[in-house]
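Each of the next two complexes has subunit A plus one more chain, namely subunit B in the first and subunit C in the second.
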Partner chain A sequence: MRNMWTLYHKEMLESLRSYKLIWVPVVFIILGIMQPLTTYYMPEILKASGNVPPGMLEGYEMPGSAVVMAQALGQYGTIGMLILVLGVMNSLAGERSSGTVEMLMAKPVAPAAIVSAKWAAQLTVLVMALGLGAAGAAYYTEQLMGPLSWSNLAAAAGLYGLWLLCAVSLTLLFSAWLRGPAAAFLGLLAAAAMSLAHSLLPSQLGWTPASLTAMSAEMMTEGGGFAWGPVLFAGILIVACVAAASLLIRRNQLPE
Partner chain B sequence: MPLLTVANLRKVYGGHTPVDGISFEIEAGKCVALLGPNGAGKTTTLRMLAGLLKPTSGQISFDGSPGGDYRKRIGYLPQSPAFYNWMSGQEYVVFAAKLCGISSKEAAGLAADVLEHVGLRDAGRRKIAGYSGGMKQRLGLAQALIHRPRLLLLDEPVSALDPIGRREVMELLRGIREETTVIFSTHVLHDAEEICDDIILMNQGLIAEHGALSRLRSQYSIPVIRLTTEREEKAQRWLEDLAHRSFVEQSEVSSGSATLNVKNVELARQIILQEAGSLDIPLLQFEAGSSTLEDLFMKVVGA
Partner chain C sequence: MDEIKWGLIGPLLALQALLAVIGLISLGKAERTRGPKWLWVIILIFGNLLGSVAYFTVGRKDN
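The block that comes next holds the complex of A and B.
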């Protein structure tokens, strides 16, 4: 347990020294506040572009604050996920290819402690980025559109974060045995495949973690729709990823 | 009781067997060189001893107890140590200490001592990215020594260094071997002769020869006389003539020098020096002694 803390401390120090702990939250904040701003100023933006057919702007209706906030969270599903996955892809692959893991494993350290510490460090980055990003988006949404339910917002952001954590954990698993870019590709592919399968067969695959995004949006706009299935399966998926990565890193620790 | 007992250790990768059943014992306090050409299985053996590779078969007993996790009591330095370049040397050593279960407060004190010991006191605050090869190797020794291990495993600690770096690390090892048991691998015989008590000579995954350096040296020594003269015709004729004397068993004569394997060094020395004097041979060098382990090494490696 103390080893895990030491390793976690090292991971966080690396995130800080490489400025990852700063730029990932900054990107999330920018992504988050763009949504309420562009929605609010859309009529002006369209007017400024000049060639809008007359009568179109009369039909523009300002969406409600909850809808805008749900859309803002939806922004993190693409670029946000990409950034997180690119950030995690080298966490185990880099230690293996550079050979630093050899001296690490010669110390009395369990592979599970190494993987869990890395996972916990990624979780910290994710929570900081999503927390600050959602807070920024919520602030502008409240200022421009109207009041929000903060408890709904917290629940929605938590559900969205769980989905992002699934993608991060999958990438961490692939990173235990593949090279970094291949791990990122497979991590994103797995997340995309889950989303696609869920959108094709929503009723049969309602229990998959991919339905967390829809659940998050519903939670934001209507304040309900919570189901244990996807949350439970997301938890199982994450634990399985960390456990499998620990087993793999024990076997693939040495650069040949 | 030996500190380390290895019985019938084997490692198979697919169709290839880098270590093919080796057994040896290491007494506490010894310095042992694992000697052999590249590809002899030295690195694989050390990795198995360090607990990084699982043996295909065989047993490793540390301190009398077979199996078990003894990583806390050993220090390991890989062949090409890779560090986190964004850390400073001091941070890395403290990190290594904490992983061995040493508290932060104690780790800071130990790190300062060990960095001083390896001569990195002033460089400790700098980032590892800026270290030279010799400094990285010394930092590698520092991280292996920080928790005062009972056994130190070093994989080719000096092979990749320039002469100055090599000298620094050899001097350190000379001090370290007084305090702890050391196993280090090398393909340079000279390094082994310089600081070791015992050698284990490996070739193609097997132990070819094994024992105390002094014993091996006397067992494999052949009385030999080496002569060098000025390059004159008279001297050359004399050297060629010497090669056919009754006291010479085997000879090798080239222009101006001769290497003679003799039956009796005393007798041969007397005759050769007397003749050289009476015939007025312009001798440059005369050496009487035994052949080195180099010959044994070459014989085992089959070159």
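The block that comes next holds the complex of A and C.
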């Protein structure tokens, strides 16, 4: 346990030195506040782009605050997920160059401690980024569109974060036996495949973690629709990824 | 467009500038990058949000 804490500390120090702890949250805030801003200015943007049929802008109705907030969270499913996955792809694969292997040789450290410390560090970045990003988006949405339910927002952001954590954990697992870029590719592919399968067969696959995004949007706009199935399966998936990555990591078997 | 509300747009521009500055600091310290450094300077300054994201995700070699 103490080893794990030390390793976690080292991971956090590393993400601070590489500015990851700053730039990822900043990008999430920008993505978050861009959604309410572009929605608010949409008539002007359309007008400025020209050739808008007359009468079209009269029919434009500003979407409600909850809808805009749900869309803002949806922004994190694409660029946000890409950033997080690219950030985790080298975490196990790149260890040979960053010196943890020497530490392992000098001192017996359980593979599970390394993997969990890395996972916890990724989780910290994710929570910081999503928390600040959602807060920024919510602030802008409240100012421009109207009041939001903060309890719904917290639940929706939590569900979305769980989905992102699934993708991060999958990539962490893949990075235990593949090179970084391949791990990132497979992680994104797995997440995309889950979403696609879920959108093709929503009733049969309602229990998969991929339905967390839809659940998050519904939670935001209607304040209901919570189901334990996807949450439970997301938890199982995450734990399984961390456990499998620990099993795959042996002292001399880290991919380069 | 009647007038730009700087109170709304300002924070967005400030955050993007912050991102570019952090990128430039990191670029100054970096020993090796993928591709020439001057190119990344241009991308960071003119590339907006995506330019900075590109630098932080694929531009750096160490770490």
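Everything that follows uses one rule, which is that the second predicted complex is superposed on the first by the 242 of 256 C-alpha atoms of A that agree within 3 Å, B and C clash if a C-alpha of one lies under 4 Å from a C-alpha of the other, contacts with A are read in each partner's own complex, and residues count from 1 in each chain.
One rule holds in what follows: a contact is a pair of C-beta atoms (placed from the backbone, for glycine too) under 8 Å apart; a residue touches a chain by one contact, two chains touch by 3 or more.
Since the structure is predicted, the reported quantities are computational estimates derived from the model, not experimental observations.
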{"item": "Contacts of A:Leu37 with subunit B and subunit C, given as first, second, both or neither", "value": "second"}
{"item": "First, second, both or neither for A:Ser18, with subunit B first and subunit C second", "value": "both"}
{"item": "More subunit A residues in contact - subunit B or subunit C", "value": "C"}
{"item": "Which of subunit B and subunit C A:Val109 touches, first, second, both or neither", "value": "first"}
{"item": "Touching partner for A:Trp150 - first (subunit B), second (subunit C), both, neither", "value": "neither"}
{"item": "Contacts of A:Phe226 with subunit B and subunit C, given as first, second, both or neither", "value": "neither"}
{"item": "First, second, both or neither for A:Lys10, with subunit B first and subunit C second", "value": "first"}
{"item": "Touched partner set for A:Ile83, first subunit B, second subunit C, both or neither", "value": "second"}
{"item": "Which of subunit B and subunit C A:Tyr60 touches, first, second, both or neither", "value": "neither"}
{"item": "Touching partner for A:Lys47 - first (subunit B), second (subunit C), both, neither", "value": "second"}
{"item": "Shared subunit A surface residues [contacts with subunit B and with subunit C]", "value": "14, 17-18, 98"}
{"item": "Touch list for subunit A against partner subunit C, complex", "value": "14, 17-20, 22-23, 26-27, 29-31, 33-34, 37, 40, 44, 47-48, 79, 82-83, 86-87, 98, 140, 143-144"}
{"item": "Partner subunit A, residues of subunit C touching it in the complex", "value": "1, 8-9, 11-12, 15-16, 18-19, 22-23, 25-26, 49, 52-53, 56-58, 60, 63"}
{"item": "Residue numbers on subunit A that touch subunit B, as the complex places them", "value": "2-3, 6-7, 10, 13-14, 17-18, 98-100, 102-109, 253-254"}
{"item": "Contacting residues of subunit B [partner subunit A, same complex]", "value": "47, 50-53, 69, 71-72, 74, 76-78, 80-84, 86-87, 91, 95-96, 98-101, 140, 143"}
